[in-house]
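Written below as structure tokens is the structure these notes are about.
Lettered A, B and C in written order, each chain numbered from 1.
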Amino acid sequence: SQAKETLVYANYVSEIYTTSQGDIWFMDEVEKRSNGEIVFERYFSSSLLNGPDLYPGLSRGAADVVAGVPSAYNRNDYPLSNVTLPFITNDSDAVTGAFTELFYTNDALRKEYESRNARVLYARGYSVNTIYSRLPITKAEDYNGLKIRAVLSIADTVKALGATPVSVPYPEALEGMARGVVDAMTASPFDSSVKGGLAEASKYGSDGGRMGVYAINIVAINLDRWNKLSPEHQKILTDVAEEMIVHYNKMRQDEVRQNALQLCEIAAKEGAVKIHLFDDAEAAKVRDLAYDKIKDGWIEWASKTANVDASKVLDDYIALIRKHEATSTYKNGWEIYQEECGS
Amino acid sequence: MLIRIVEFIERFLLRLGVASGFLTLLTMLIIVADVVGRGFFNKPIPGGNELAVLIMVGLIFLGMAAAQQKKHNFSIDLVTGFLPPGPLRVANFIATAVSTAVCGLLAWLTIDIAHAMTLSGESSYGVIAFPIWPSRIILAIGLVCLTLQFFFDFLRAAGVLPEKPDEEEKASI
Amino acid sequence: MDPVLIGTLLVSMMLILLLSGISIAIALGTTGLVGILAMRPWGAAEYLIANFPYSFTAHFSFTVLPLFLFMGYMAFSANLSQRAFEAGQRWLGHIPGGLAMATIFGCAAFSAVCGSSVATASTMARVALPEMIKRGYQYSLAGGSIAAGGTLGVLIPPSGILVIYSFITEVSLVKLFVAAIVPGIMTAIIYMIGIYIWVKMKPELAGMDRDRVQAAAWKERFVALGRSWEVMVLFAVVMGSIYLGIATATEAAALGAFLSLIMVAARKNAWRNIKEGLWETGTATSAIFLLIIGAGLFSLALNMSQLPTVVADYIVHMDLPTYAVFGLIILIYLVLGALVDGISMILITMPIVFPIILQLGYDPIWFGIIVVKAVELGCITPPVGINVFVVKGSVPQAPLGEIFKGCLPFVLMELLIIVLLITFPEIAMFLVGN
């Protein structure tokens, strides 16, 4: 038998999140399949590293495996990882499959990680974006003049729509929205909006014009550590990672369905949140106003920062997304909501 | 000569403490302006929160040496309070030596990371990109100053420098 | 090596360093560094340690701490403490023990603008203690009511302890502040009733009615109350701007600080007072954050050793009744209270205590209020109670033993209040809602 390998795993959110549950399944499975030769020392809830420190910490070996969002927290180090722009897709599974495949097929993206001493194990698309607000948002023009808590590409999006993006920290904004510190909160995935109490605390909810999936969570391993593992152990990690995606997709779909039903329940209560979804014409208007602006902005910035042609990466990525969409059975939260209790 | 130099540096560290205090004012003004701008004119200060954090880092770390110089850092004298002068001097010698070493290690490591982050242009991205690396540099400077102050305290405990007269009793937080 | 063994070694090392007279921040930090270096290879430890001071402190919500500190200093410079006490005096001065009750009233009012128990106690000691002694009060009642009244400083919002608690446990600061309002007022009222009964039993404490103040005319009472309008305005601005949605908790602190600055600017010696307040705020903030960083490193090392999880699991599986668990926790704070200040107490204990509370399923907001109570209890009990020392420091001729003796009835009242809070959690929770 081989030497015992301890891998230090760090995550910035707690065990209750689906992404964390997926990682727990992955780690348990790896431990089982390696007959305990690989064991994980697990740190959740930022108890080892905060969100922004996960990927820098991974590069320097402070953790061996991390689950984080380098595109949000370490933008300059991981410009290409930000390729999941709003309005590309509403299919989380397609994002999951496409990004993982992009890592294995696109040299520029792989180099982005290797140059930071990291190697992607698997990536996971978040669920679709939501916007919760004090006033109903159902048309593109409803954005005009609002103060909206938003980050990243979604901040650029609401700005393009005439709103003022505000960067109040999430928990403060959640408390503050009821009292008007901000008019709306977005850049919050469908599932966490329900689970985190945002939907319950708001007057109005919407898909915001189908901004879709705008971020991914990436699990990566320190490259030096990876290279020190035996080929057998490497194979176990790769195999389980692949199975993990299948397992995760199922878990994620169940979860989103559950959250959608929960939202139905919340919305059915007296005086509770009112959900309005954008119609096709208005959704198209939102996209027309914002997409080209953020796309061009991203391509220019990412090309400069990564020193590659980022438009090529985006095209490859979108092609992969379409490929995975074709075989995906994923239903996003708003679709399920509409089917189950939409008017 | 040594005494003169130390006195000069210590005065400078106190000045830094004063500067740190004034950063409270700046933090306050930025946040108030941000609230007023957002609440009444729908125009928050872009990067206002990030700027407030940058200034707070200065407020926290630039005042550390002065806080130590003015004995604002609590310690427990449950045991040391009963020690006769001889052993007390030994305890004090060890305490200041450990403080200097630990703080020096921390300062050295933060200089390293400040250097790396400045080269990579570390920044955060909420609504706009905001540079973080200046905070790293300020922080490292603050810890270097604190190490210096601990070192001076050590020199006093070692008898290289004369004791300072007790001007002030311990701070009250 | 066994995690429990490593964890125990770390805790022991920390205690030995504490007792050796090294500053608390450095004792905690040293233990943390040694632990991290021992449990991780150099490269990993290097990044964890090097990044820590920034990662642990650079959070926007932390700006509340210096801002509330500054507001407290400004409130003191603007003599708000004096006026609050005078208002209490007009209303209560003629009742047996009335000056002591006025002191509690003054402490409660000043607490609405000051987030520190020590600052509240030292301020009120200067204002009220000479007055009470002049009227023949004994040092026990006079000193005890100030030391105990000072604890209101961190219970009635704003509260420095709740800020720290909120940061390390990630519990909403606004909810904590709201939850603390009723227990704060209730504590003040119970203190006053307690003083009344105590003085009825031993009238000599309040100078045997010698020089008893005449009941003030109603007009005079309201004029005095009116003169303390600034306290009310500051409290209304801070809590009001949070409620009305003008500002988040952090921003409310900035608004309060700004307003208190204007109040001082309108008075004489403005520049000197402001400068002094800024200097005090700066160095106090630095000292607190050095402590926070040290405690954070200690906590990180302790987490790596997995001792907190093991202890929490153990206690949860013992299946103890609520009172036993809380009795144990309060006992820990009583012992620690003999050694360290409130903020240090929270920072040292939370890594172990908080997981237990979560695992047992208690509400972390409610527990925050209990913790404040327990911490403050430690600050007025012998042999070392920091509030008592502060009273003594402010008025050096006051005999220490007498003040401690005067604290005892308040300790009993505190225990009663803690039992009430445990039995009827709604006292803290009903304003918070869901």
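What to note about this one:
The definition used in the following text is that a residue touches a chain if its C-beta (ideal position, glycine included) is under 8 Å from a C-beta of that chain, and two chains touch if they have at least 3 such contacts.
Please read all numbers here as calculations on a predicted model, not as lab measurements.
Taken as a contact graph, the chains are fully connected, with every chain touching every other chain.
Here A-B and B-C are compared, and the pair linked by more C-beta contacts is B-C. Separation between the centroids of chain A and chain C, computed from CA atoms only, is 41 Å. Centroid to centroid, with C-alpha atoms defining each point, chain A and chain B lie 38 Å apart. Taking each chain's centre as the mean of its C-alpha atoms, chain B lies 24 Å from chain C. Contacts with at least two other chains are made by residues 49 of chain B. Shared interface positions of chain A, defined as residues touching 2 or more other chains, are 52, 168-169, 181.
The multi-chain contact residues of chain C, meaning those touching 2 or more other chains, are 46-47, 51, 59-60, 246-247, 250-251. On the side of chain B, the complex with chain A involves touching residues 38, 42-44, 47, 49-50, 120-127, 129.
Taken together, the chain A residues at the contact with chain C in this complex read 8, 43, 47-50, 52-53, 56-57, 60-63, 168-169, 171-173, 175-176, 178-181.
Against chain B, in their complex, chain A makes its touches with residues 52, 72-73, 75-77, 145, 147, 150-152, 155, 164-169, 181.
Against chain B, the residues of chain C that register as touching in their complex are 17-27, 29-30, 33, 46-47, 49-51, 53-54, 57-60, 62-63, 66-67, 70, 116, 118-119, 122, 160, 246-247, 250-251, 254-255, 257-258, 261, 275, 278-291, 338-341, 343-344, 384, 390, 393. Within the complex, the chain C residues that touch chain A are 40-41, 43-48, 51, 55, 59-61, 172, 174, 242-251, 300, 303-304.
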